[in-house]
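Multiple structures follow.
Both complexes shown next keep chain A, but they swap its partner, so chain B is in the first and chain C is in the second.
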Partner chain A sequence: MSRLLTYLLHGFLLGYALLTLTPFVWAVLSSMKSVQEIAVGGRILPLALDFGAYRQILQGDFGRWFFNSLSVALTVTISSVFSNTLAAYALARLRFRGGAALFQTLLIIIMVPSQVTMIPAYLVVARLGLADTHLALILTSLVSISAIFMMRQFFINFRAEVEEAAKLDGCSALTTFVRIVLPMALPALATQAIFIFMGVWNEFMKPLLYISSVDNYLLTQGLNAAAKQYEKSAAWNLIMAGSVVSVLPILLVYLGLNRFFLKLNDQTGGGK
Partner chain B sequence: MKAPTPPPQSLRARRAENKDAAAAWSFLAPTLLLLLLFTVLPALYAVYASLHKLDIVSGQSSWAGLKNLQYLWEDDKFWAACRNTTRYVLVVVPLQTSLALLLACMLNSRIRFRRGFVTLFFLPTLTSSAAMTMIFMWLFNNDGLVSQALQTHFGITIRFLSDPHWALPIIMLMNVFSTTPNYMVVFLAGLQEVPRSLYEAMALDGAGPIERHWRISVPQLMPLIFYVLTMGLIGCFQVFDQAFILSGGDGGPEDSTLTFTLLIYHFAFKTYNTMGLACALAVVLTLIILLASRLLKTVVKSEGLNR
Partner chain C sequence: MTAVVLKDMALTRGTTPILRGVNLRVEPGEFCVFVGPSGCGKSTLLRLIAGLDEDASGELFIDGAAVNNTPAAKRNVAMVFQGYALYPHMTVEANMAFALRRAGMGKAEIAARLREAARALHLEEFLQRKPAMLSGGQRQRVAIARAIVKKPKVFLFDEPLSNLDASLRVETRIEIARLHRQLGSASMLYVTHDQVEAMTLADKIVLLQPLGQDPLAQSIVQVGRPMELYHQPANLFAARFIGTPAMNLFETRVLALDEPEGVAFELQGQRLHAAVDPAGLSVGEPVTVGIRPEHVLAYQGGLGATVTHIEALGELSVLFTQMEGVAGPLLAKTTREDLRVGDSLPVHLPSQALHLFRGDGRAQRRLRARTV
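Showing the complex of A and B:
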């Protein structure tokens, strides 16, 4: 490759990196300004390093919403990874009548867009007496057909000898699954976990439909509601502080599992 | 229907199979139960509701046939949503796909700090649509960074968020910004599967990097490009969060950010007695998405064959 082209390439990538960073840097800088500074405007950097906005939002409902999101996301991630993997394992490794047909049916169900089901599902939720509860969010987020699909493809290429050995030793299917299959599938489980956690943590429409009392809000929904209030007084420092706080956990998870994630991404693909 | 007679089996093998089947169904039970309750039943109900006039509060329903569709056909809001969403898809899908492909190809060539670039680029995809929209509003509202910079340096005043010509393009920009890195990673993974020898052979034939890009990378990635286009199409037709937050839920200014899903939300929760309309619109949206992805398939497939 010619030297000029290499320079151009790096220049373009650096430019795009700058473009990517700018909104986030702007958000962090704004979160450290005072309301007066925001109102006056005209400055990029804050006058002083002031974390008052963070203190202020965390004292309000924000802390509770953060905790709500965290508990819902963790509950869904753990139970969803388990049940998806269990289902995928059955579809990939256990022989039973109707297995293939069931798998085909799942691939058809995956095509039904969430808008079609979300509103009638709300009626089911209400009928079960689960309106305005976190359980409603958890139950309706638990099944991920794309995760089942991914795990099935993973299990199909699995070595069978160890499994067979466990079976001959008299282990039940569930024991084999928990003691032998799960530990060998750890990288795939981690990828699945990141995607599911990210999906729940960032979900906006579902809590908007299912949750109505302020105490039960999830973070995304709360951020929107709080921003509507703060916008009236143009307290963008508070809104930006809230946005920054909402990104942090997912950023930490991502940086922690980065290595895993990029290697395995090709199995899961995109789709937000 | 009679099942075909199984080949003769030993009693032991058959018992093992029965055991397998019992385990399989118990493994699948929680998943199937939840799917039935929250996906299959609701989907069937949506189809039923789309043909009825429903009052959720009293629980009354009466047959409406195609009246819901007729109402939509005569509703200006429906056509506004149709226009906005179609424009949205036509702009965002090609833009995010080509930008993602470009970035992936660049990152796949010999460059420094590749891992650093990928990690950094991925940041917008990690960010929730709610937080991303807040940040964009604070870039583009009247006191925001971009609006202020335009005003002080160029003397241009644009009210991005309250101008019907600008509100939707801002949402498009935001969407491209946050989904491009996701697809970039998909392409990058695909590019790493393309054998190096293909490039080397073509380089020996005297082909430059740009020619190699068009004659090797793009054809090799065709299945992934199709996948990304389809996922993008489905995602863009369903755009909701950004439009909802930016417009405060009403699709304004002047219906310029009213999308299909926002209108569905309105019929379902904001106006009375219109749950049937919401479901009808959801069914219509599904059909549009199916049709559009079919169309995409035909176009991409024929392109692929001509090459």
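Showing the complex of A and C:
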């Protein structure tokens, strides 16, 4: 019975994986077909491995948009992980007046839908003269309350004995945080970084709101604009090539931080 | 030389009293064990001395200097935690050297101290490993080594053996006793709920109790050498806590005060005696009489008991017996292996082995108790 269950479970997981991968594989294969091949249809594999679509998109604005997205996503990820983690540690460990009230306020703010704050945030950004700049995107993404909440829970469950040992070894609160806590929190930091990077990289509404000039477009905006343009000429290979390249950074970030990510999941799953 | 002195220390969290009226002096080089049940504040007391909990009232002196407002790192104490508290991302060597490097010590001195501690605790071959690659016992040795390299005036141990299995616990206990002999002048303060550890390691035992709702209760029940606590428990709490299995206790009344064998009382219709000082007692006063299971003679005597349960421990057995007309069981230790549940036994409670406690729980001084 248990073997049958295992087979069923594996079968389900395999089906789920195929279902998830199929659109991506479809996009990769389509990106290597010619426009005619796609229009005629009837074949899964391309007649020849043609990377022309990739060459073509890299010659246009795509490269600039890619770089824009990458620089914004990296800046936001690094600065947001830094600020979220510091805030979470303070909320979890430091005793200060108003700490509990501050945390409750954050919890209330987390419940406010982003659509509600979108226009006021834009007005603030515009008055600061930051409309149509990447700084607008970065500044409005510096703090992630959900990440603060996640990290606070992590620090609350963190073994206080180790921090006390550091205190006895002559560490201040900041030194303990930097020298002892952060290295031990790498899995949580990596998880946070992956989520933040993915969030910024895939963000569409915010760039649409703040960025208006084509040169400052992020990749999601650029791909959207290009898709509209290429749809008219049915250049699906170009659209698919752009989509495939846009997924690569997320894949690389995930692969790079995967071992930490798995470690955290392992720990929260009742491991050590 | 270092003495740790606590004067009137008290701590309340919210409305819950944790510690009250703690007055204690730990002599230089002394091995002092805080023992008591869960919630008695023994670990809290250690943390107060370490400087990890700073909101207690009272005065704390280390080596003659008041340290109430001194940061933990400047108190010249080292602590070994129950969960080891090693830095998992550092090697054993880095763990041991961390505090010394933070203090700005020279490389040569650090290397010398590391060598010495690693040799003392047999850690030479593990220096480049990370804690995750060590067994529980090895991790605890690293935690002790990390304390030793600091050459502190006071060592603080917070239940350091409770995460180890039985055989490793004995091994590490012997190791700690050996270190105490070697380190000489440093005082060691050790928290445990295990009375075997307390009895075997301590020069001095401090027995603590949970404060509960009694506003007059004091945290410290008794301070003394291990065998003093065993032979001369100050009250019923100490009598119940020290000794495994716990002391047998029976409620009775005083029949006479000045008989040759001691204070007379009645049990199972027989007139028995407890060799205790009768000072302050009066005839007819309700008292509690106690005797340790190892002092009950379960092969002769005028009392009778029936075996209800036997726990065979190998070298001896613990008999659970019931005396007719007496509330509660009578436990006895015996080497006899021929007894079975349901057997009837003659029982004798020697007067010199008996303890007598008054209505408020205070013990009467024993007259011929052996003390070491």
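Operating definition for what follows: the second predicted complex is superposed on the first by the 228 of 272 C-alpha atoms of A that agree within 3 Å, B and C clash if a C-alpha of one lies under 4 Å from a C-alpha of the other, contacts with A are read in each partner's own complex, and residues count from 1 in each chain.
What we mean here is this: contacts are C-beta pairs under 8 Å (C-beta built on N, C-alpha and C of every residue); 3 or more make two chains touch, one makes a residue touch a chain.
These numbers were taken from a predicted model, which means no experiment stands behind them.
By the document's definition of touching, of the two partners only chain C reaches A:161; chain B does not. In the overlay built on the shared chain, the residue A:140 is in contact with chain B alone; chain C does not reach it.
With both complexes placed on chain A, chain A has more residues touched by B than by the other of chain B and chain C.
Looking at the shared chain after the overlay, A:184 reaches chain C, while chain B stays out of its contact range.
In the superposition on chain A, A:171 makes contact with chain C only, not with chain B. Across the superposed pair, chain B and chain C touch chain A at no common residue.
Here chain B touches chain A in the complex through residues 3, 17, 19-21, 23-25, 27-28, 30-32, 34-35, 37-43, 45-46, 49, 56, 103, 106-107, 109-112, 117-131, 134-136, 138-139, 143, 145, 148, 152, 177-179, 181-183, 185-186, 189-190, 193, 209, 227-228, 231, 234-235, 238, 240-241, 244-245, 248, 260-261, 264-265, 268-269, 275, 278-279, 282-283, 285-286, 289-290, going by the rule given at the top. Residue ranges on chain A touching chain C, taken from their complex, read 159, 161-162, 164-171, 180, 183-184. Residue ranges of chain C in contact with chain A, taken from their complex: 50-52, 72-73, 77-79, 81-89, 98-99, 102-103. Within the complex formed with chain B, the chain A residues making contact are 1, 5-6, 9-10, 12-13, 16-17, 20-21, 23-24, 26-27, 30, 38, 41-42, 83-84, 86-87, 89-91, 94-97, 99, 102, 106, 109, 111-121, 123-125, 139-140, 142-143, 145, 148, 172-174, 177, 198, 201-202, 204-205, 208-209, 219-221, 223-224, 227-228, 234, 236, 239-240, 242-244, 246-247, 250-251, 254-255, 258, 262, 265-266, 269-272.
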